[in-house]
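Per-chain residue numbering starts at 1, and chain names A, B and C are given in the order in which the chains are listed.
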Amino acid sequence: MTHTDPHPHEQPADGTSPAPAPGTPERAATAPEPAAGGLDARLVVDRSGFRLDVTLKAAPGEVVALLGPNGAGKTTALRALAGLTPLTDGHLHLDGTALEHTPPEARPVGVVFQDYLLFPHLSALDNVAFGPRCQGVGKAEARARAAAWLDRMGLAGHAATKPRRLSGGQAQRVALARALATRPRLLLLDEPLAALDARTRLEVRAGLRRHLAEFEAVSVLVTHDPLDAMVLADRLVVVEHGRVVQQGTPADIARHPRTDYIARLVGLNLYRGRAAGHTVRLDAGPAVTTTEELSGPAFVAFPPSAVTLFRDRPSGVSARNLWRCEVTGLETHGDRIRADLTGDLPLAADLTTVAAAELDLRPGTPVWATVKAAQTHAYPA
Amino acid sequence: MTRSARRTRRLLRLAGAGAAAVLALTACSSSSDSSDAPDTGTPGSSGASASPKLSGTVTVFAAASLKESFTTLGKEFEHRHPGTKVSFNFSGSDTLAASITGGAPADVFAAASPRTMKTVTDAGDASGAPVTFVRNQLEIATRPGNPAKVSSLKDLTKSGLKVVLCDKTVPCGAAARKALDAAGIELTPVSYEQDVKSALNKVELDEADAAIVYKTDVKAAQGKVRGVEFPESAGAVNDYPIAALKNGRNTEAAQAFIALVRSADGQKVLGEAGFLKP
Amino acid sequence: MTSLDKPGAAAGPRPGRPRRRRAGAGGRRGVPLPLLLPGLLALAFLLLPLLALLLRAPWRALPRQLGSTEVWQALQLSLISATAATAVSLVLGVPLAWLLARTEFPGRGLVRALVTLPLVLPPVVGGVALLLALGRNGVVGQWLDAWFGITLPFTTTGVVIAEAFVAMPFLVISVEGTLRAADPRYEEAATTLGASRFTAFRRVTLPLIAPGIAAGAVLAWARALGEFGATITFAGNFPGRTQTMPLSVYLALQNDPEAAIALSLVLLTVSIAVLAALRDRWMTTP
């Protein structure tokens, strides 16, 4: 909700293909076959009252984002990959080697922790040199390597700086350099941008994207921020309640959300129903007319910007996709107003400030909402 | 039961009288209660009828070596004078002397050396001149069976033998030093113990092979150590003086207790503990 | 609330004013009286006996007292043995604190309680216990004697052992508390960088908890320096070998209280000097 990406809003315009393709041309959407290289894992972790059961596969060079709400089990999955949380069941193969019984210090895995966990008593340089030192590299050599990494991160001038004197963005880059300096075959990033303020986040995100693109092995990042996930990752794996609910390219997921959580993330109104021809009868009650022709269980999605609101029942509009609603809440969303509606169909609508003022909207105001069939998007459930 | 009830009653009486009064509780017995003629009568006969007016607590500070015999005498005193209670504080004589000169409320002081008693009399804390009531002689204490085969003072200098002495600041140490000096024996102990019981303990625990302690201490150890007499001890016999104290609150009872200690009965109990007559 | 305000209100027309004025009089802004008064009382309570010691000190006799070599011998021995005991406590106590804070094992609560036992035990009893364990005829001591010819009582090593026995719990408790408060994820971060658990402890945890260790070490040192009961019971009292300052003070107290006060002053002065110096060096938060 908080992050509306313009991206999904464009989707309905070209979302005309009758059957949504499972893959999209620009990026490999399906998980790669388990090969000698890359990651092939099934992570099962049982804890009191919670079970994580997630299958993850990734090719070398690929960036996978584990996306999900808080408490979905993303961080547990990451810890299991790092060896910090033991697996109850499943397997973990990296480049063909079984790692499930390997202690964390012996795994070729680098981790960038959410709050970085830079060792406060060591300089930036010594933080980065820590990994190579532990791997048996001599002090001078380790420092030289660390210096090279800092240089690559644009932090050559901060080698002697203690972590507490680094800015958030610098600390993030030192943490990344520290993880990469061990030459891992699997790079794990836990909410890599969450600790940053909005402005820094923009810069760091771009830098991180570049570094991840250069990284030749598998990267798995955990985030609850769809924008981070979509910018940084080649493929998203959406985890809810300890299970994978959807995976695919960012574009695919943005266009075809399959859970309310994802729909909210990508800023779409999403409904589930049963399709017959151009009509989807929703589980929630009313029917939605669509341009796609489908039959059987289906999802219908449309962006809030596709909704038009009227105070009085519009006379010139056909009765299709016209619902009587009531405003429950209003909030500013950039230069637009987001109205939350209940009634025939619960939905979110975006309108300009001017329109909102003309309609004199306030909580409790009865309104009529319409959506053009061309702006809805239906796909099999 | 009754004692605690009595104490409670006394406590209640004292409640609110301030910290000083509470501090003095152990020695408490208002002097007006027993202001009649002091009981200086010869003990030994049935003292209960001789001193019917004695009551309250008499606090006795006594050298640690007197613990066994004085405890017995205290019970005897309470028996002879119903309504009285003898409260003891057994410790090193010097510690006791320091407490007394520091103002501790005691009625009687029985020291293990004239020197410690002197600190009390010098401070003007004694009422009347102290009298010697027993004497104590030194003995060598060894493990039961005397595995180190110690038979004389000279034997203590055998190499490899671990001997403990009392520190020269406490009476048994001063006496031992005197005996050793008189015999012209140079003895390096492994430790100068803080008091005679600690010295004895070291032998009992087999940490030391021998210690120079008092005869009474060997006796009190009841077979856990073996005493070896040595002739030089005659030159270092220790006098035990006793005196009533100015700070005392129960003068009559104090005098009565001292009298009991010096009586034939008292001397018998002390003699059984290994003390010599003065 | 209102009823509580009433007594203050009686002083002036407005309930708020007198209180505010009183707070201002308390020196620094915002020091509440319920904290200030007991705090000052506590300070006075702790300092009063020391003040009395100073007031009654035999200043004129002091130079003579301090001239004796025994005093310096005892002081030197005290400083050496307390420092050695602290070192022993550090080497053994920090790992124990780590085990208690970072590992799970059955009966850990009991073990933690047992660790604090020497704090509760009267030191003299501790000394006897040490004799029974490590003495010439002790449970372990008899083997030390038989196999290696080592006897600990009546030796300076014995002094160190007695002091460490009494002082180590202070260090363990202090360090364990610091470890519990420290973020264990730093250790995790270190292991993901290839550090074994021990390396992580040595290179990351140890520097992180250094202030806690320093505080614990100072506590242990101070406790060891003042140790009397366990030392005299286990190690005995022999000038230059096992007679530390507290023993010297105690024995001086037997027949020369003035000397005892003088010795106490020396011990106090030296310990205050050492603690103040350490505080500046170790405990200043960066």
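By definition in this document, a residue touches a chain if its C-beta (ideal position, glycine included) is under 8 Å from a C-beta of that chain, and two chains touch if they have at least 3 such contacts.
Values in this document were obtained by computation on a predicted structure and should not be read as measured data.
Undergrad: From the centre of chain B, which other chain's Cα mean sits the farthest off?
TA: If we average the C-alpha coordinates per chain, A ends up farthest from chain B.
Undergrad: Measuring from the mean of all protein Cα atoms shown, which chain centre lies nearest?
TA: C
Undergrad: Using Cα averages as centroids, what's the distance between chain B and chain C in whole Å?
TA: Chain centres of chain B and chain C, defined by C-alpha means, are spaced 36 Å apart.
Undergrad: Report the inter-chain centroid distance for chain A and chain C in whole angstrom, where each centroid is the mean of the CA atoms.
TA: 54
Undergrad: With centres defined as the mean C-alpha position, give me the chain A-chain B separation in Å.
TA: So the centroids are 87 Å from each other.
Undergrad: Quick one: which bits of chain C touch chain B in the complex? Just the residue numbers, please.
TA: 128, 131-132, 135-137, 153-154, 232-233, 235-239, 242-243, 247, 250-257
Undergrad: Which positions of chain B touch chain C when the two form their complex?
TA: Where chain B meets chain C, its residues are 92, 94-95, 98, 115-116, 119, 162, 164, 167, 169-170, 189-194, 198, 201-202, 205-208.
Undergrad: Applying the document's contact rule, which stretches of chain C touch chain A when the two form their complex?
TA: Spelled out, the residues of chain C in touch with chain A are 183, 185-186, 188-197, 199, 203-204, 207-208, 210.
Undergrad: Under the definition above, what is the set of chain A residues touching chain C in their complex?
TA: The touching residues are 82-84, 103-107, 109-111, 113, 117, 119-122, 130-131, 134-135, 178-179, 182.
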